[in-house]
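We call the chains A, B, C and D, going by the order they appear; numbering starts again at 1 in every chain.
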Amino acid sequence: MIASLRTGLEATFKGVEVTDREDGMMFVLAPGESIPAVLRYLREHGLDHLALVSCVDWIEEGELEVVYLLTCYMRNNTDYGPEQRRHVLLRTKLPRESAELDSVIGIFENAEPHEREIHELYGVHFEGHPRLIPLFLERGYEIPPFRKDFDTRQYVEKTFGAIPPVED
Amino acid sequence: MAQISEIAGSGSGRELELYFGPQHLGMVGNFSITLKVEGDRVLKATANPGYLHRGFEKLMEYRTWIQNFPMVCRINVVEPDSMEMVYAMAVEKLAGIEVPERAQYIRSICLELARVSSHLFGLWAYSNMLGFDTPAQWAMYHRDLVLDLFEELTGGRVYHIYLWPGGVRRDFPKGFRDRIVHTLHSIGGWVPDYDATFFNNRLFYERARGVGQLSQEQAKALGATGPVLRATGMKFDIRKVEPYAAYDKVDWEVPTRQEGDAYSRIWVVRDELIESVHMVFKLLDAMPDGEVYNRIPNPFKWRIPPGEAYVRCESSRGELGLYLVSNGGDKPYRVHFRTPSYPHGLTILEKALEGASIADVGNTMISLYVVAPEIDR
Amino acid sequence: MDRNQITKWLKSPAKMAHKYSLHAVYFCTGCGIIEIPPVITTRWDAERFGVLPVATPRQGNLFMITGYVSLKTLKAIIRTYEQMPDPKYTVGFGSCPINGGMYWDSYNTIKHLDRYIPVDGWIAGCMPRPEAVFVGVTHLWTLIDKGKADGYLRYKRYYAAYRRNQEMLFGELQWPPLYPTEAEAEEARP
Amino acid sequence: MVTRIIQLLLSPLIALAVGVLFLGLSRKIIARIHRRYGPPLYQPVIDVIRMMSQRSISHGSLFELGVVLALAGSLVTVLFIPLGGTVICRQNPLAHGVLCPLSSSGGLLVVMYLMLFGPLGLALGAGDSANPNASIGVSRKLLLALAYEVPFLLVILAVMSHYRTISITEIVARQQESGWGVLSVPLSAVAAFLILPAMLGIRPFDLVSAPQEIASGPLAEYGGSYLALLAVQKGVHLFVVIALYVDLFLGGGVNLATFLVKMLVVFVAAEMIAAVLPRIRIESAVRFCWKWPTALALLQMAITVLSKSV
């Protein structure tokens, strides 16, 4: 089934690049607008566990890369096959200045906090997300703190270093 | 008894906003839930994390590969060893380091001991929440016995920094094997007492039955793993699905339950605890002699070839994954931990608390095995 | 109770009662909280010395800040601290509240806790062992005896400076000042 | 007259001392069951002194009034309860040797009403603190009072119709002549023991002040000297409930010492059961109280009424 996944993906979607690695990892690169469709396709073809939504800031290329990591749950209780060891890594590249993506909550419900987190820490806007409010942070930052051009050491010196001791 | 809860509900007769945590005796960890309450019923629950956010993944980008070892274990204070394990595995995968056979066994033993201590902590938290003070105190004492083992092995009670890329930091000290066996036997001897006071107690059944119930379909859709998923009847365990360390070398069972409520989750935890103890005995018997670590290059000049890896292991709370990207430098380019409490504490908790009684808020949260620092990172 | 304690009890009952009835506000601010359950349970049993966790800040007089303090937590800490009735004692637990510890370059944790609320004593280490907690408590007894555990008085005296530091971090605070600030005190003066 | 005044002063003092001692004892017993050393017996005294010396924050006059009402209610109840002693002269209530300053007036019915002052005062004060946890705690407390009042009333009715009097002194005297209440109204005694933890507010019925659920409920906003007074009130309430149990079913006491020994036995038994049980939900508490204790009390009442009318 997994072998057919590659051909199926390439046949169904335009502009999708699939690469395989021998350790069981499959990399799928898709354009931003087809992400929900590809995710739905993958889900229908057995990859029903969205383990992680992550984001990488490739500052030199000027791109933010959003990564969806998919694996399978078991079909039955004796199902310990190589298929379970399969990881599919779906990624898409977005321009750093105007990073926007469609929300996938309709397909994987547990993507909701992940998308909120990426919105907060990387500044990617997710269209159709019901509550893009801060998840972790208390104060606002000019640059979302996980981007590579946010220098946390400089920031710490500027913010916390400026606060004087109370009594000496 | 619906009428009585309605009477209890009409006591105040209006909607209240109630903050459960962060400063709350029923809250394990620095976490907060905002509850919209009518009388004794929760109408809507909103998880409010971030009290423990330190930006770990950002900080790790500023530290070299080896400097990150003291960092990773601090993400989850309850079970730091699986954090070390997953980082060591990812680094080994990217750098292509082999691990000696004996080190694999020691790693497994270490992780299982950590699981025992973590489950005992969970048992403390859960029974303390319900007001079962006596078994709670015992569980905390027995956890301390396991921590004593760790202290002897690694020098630290809580943070061990023991699992190392290329193996483990040092071999077992002399006579350590007997002390493990002795400690685990003395904990095992208390299992009948735990059963009598807690697990077979009728009141535990009444408090936990039907609380935070999830069907297997719901659990899968919401990304549940670990005891939460196994309590719905699926034998999904990374140790079996994608064996690492020495878990494929010994024979063991994955305990499950069918109902998917707090009661079955805590029973799964109990069964796992016993299974882990048995597994340690089997691993100790099968352990070969030999080296315990392969030398790594000079840590100050250590560069790891570019690439990305997703590795996962089974912590006591579920699937713990690490997405690691290297750009060929001396520091990681991007680290992202997939922690099991993340879906449990944010998505599932909000779902499970809708319509629950206030008496069951902490009950549900702890039975979902949520650890706050794992969520916030 | 030995004999010279009885004279102390007769001389200053309030001070002695504060020493032997330290009710700690149960607030898990960081990973240091992992060593609190062993301290209060069977093996170390802090209740022998009257140390007991309580549910609300109104009932306590000891505030243990266990571990790193993120910005969001600091807000909760300040509010909790201000709700506690005087006299109250604060103990920083672990390296992180002292100077940031491991997280010295984290953008979301504060580095020096004593710049936002007064601290009476520190227990250093990552993690401090349960024994260290007991040593810390006995040191706190000495401080109370000598009248040096005066964090709550310092908070009142330097409230303007503390409030200024808090506002430097958070901007406008949502709650009113605990003590009248200098400007208000000026206004109130006839 | 002088004896009366001395008694009026003495019995609340005994209640205060013994009640607070019982609080300390309960902590020690539970610690020993946990395999801990436990705090010293006088730990509650230290706590009360400490709270008294802390700054108290008030939330309004009702907030203060509630505490006073609760404590006063409990202290007044003590005056109506005989604390040991033998009746000397049945005809002249004033000339008896029983330590009960107000034995001639009221009796069981007054005690029953006065015992409601505790919950009501707490409800009044906690309602004024505007803390949601407190109001949930109060609604639980009133519901729990409703739950245990039903079997309690039935128990008292059975006792009253068995002895054909409402005077507690009289009941005690009759027991000392013809055997304890445990033997003559056994089912009522069992029922009363079952609801004893609910009346005392200890496990498994400590859902009112459940610290892990609603942050100590009605007490959430109390601190300083108010909390000290409420701690004392808890001790006195403990004393009242157990003293009443001893008077109704264990034949009071020949003198104060035997009376206190009997109280100690009842209290330790209740605490040991409490130590191994968890906290239950309010629904289960109400269901429990209206099921077994009520059934037993009803049965005993039917037996008593039938045997008396034959």
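As a convention for this text, contacts are C-beta pairs under 8 Å (C-beta built on N, C-alpha and C of every residue); 3 or more make two chains touch, one makes a residue touch a chain.
Model, not experiment: these values are computed from the prediction.
Counting C-beta pairs in contact across A-C and across B-C gives the higher total for B-C.
Measuring from the averaged C-alpha position of chain A to that of chain C gives a distance of 41 Å.
Our note on geometry: chain B versus chain C, Cα centroid distance of 30 Å, whole angstroms.
Look at where the CA atoms of chain A average out and do the same for chain B: the two points lie 24 Å apart. Chain A and chain D, compared by their mean Cα positions, are separated by 61 Å. Of all residues in chain A, those touching 2 or more other chains are 136-138, 145, 150, 152-153, listed in ascending order. Each of residues 41-42, 54-56, 70, 72, 105-108 in chain C touches at least two other chains. Across the assembly, chain B contributes residues 24-25, 50, 53, 55, 58-59, 62, 137-138, 141, 376 that each touch 2 or more other chains. If you check each pair of chains against the touch rule, the ones that pass are A-B, A-C, B-C, B-D, C-D. If you check the complex, the residues on chain C that touch chain D are 1, 13-14, 16-18, 20-21, 23, 41-42, 45, 47-48, 50, 54-56, 58-59, 61, 84-87.
The residues of chain B lying in touch with chain C in their complex are 22-25, 27-30, 50-55, 58-59, 62, 70-71, 74, 77-78, 121, 124, 136-138, 140-141, 143-144, 156-159, 372-373, 376.
Against chain B, the residues of chain A that register as touching in their complex are 23, 25, 48-52, 54, 56-57, 67, 69, 73-74, 77, 80, 84-85, 87, 89, 108-110, 112-114, 134-138, 145-146, 150, 152-153. Those residues of chain A that touch chain C in the shared complex are 136-139, 141, 145, 150, 152-153, 155-156, 159-160, 162-167.
Chain contact summary for the complex, chain B toward chain A: residues 49-50, 53, 55, 57-59, 62, 93, 220-223, 233-236, 240-242, 256, 308-310, 312, 319, 321, 323, 325, 333-334, 336, 338, 342-343, 346-347, 376.
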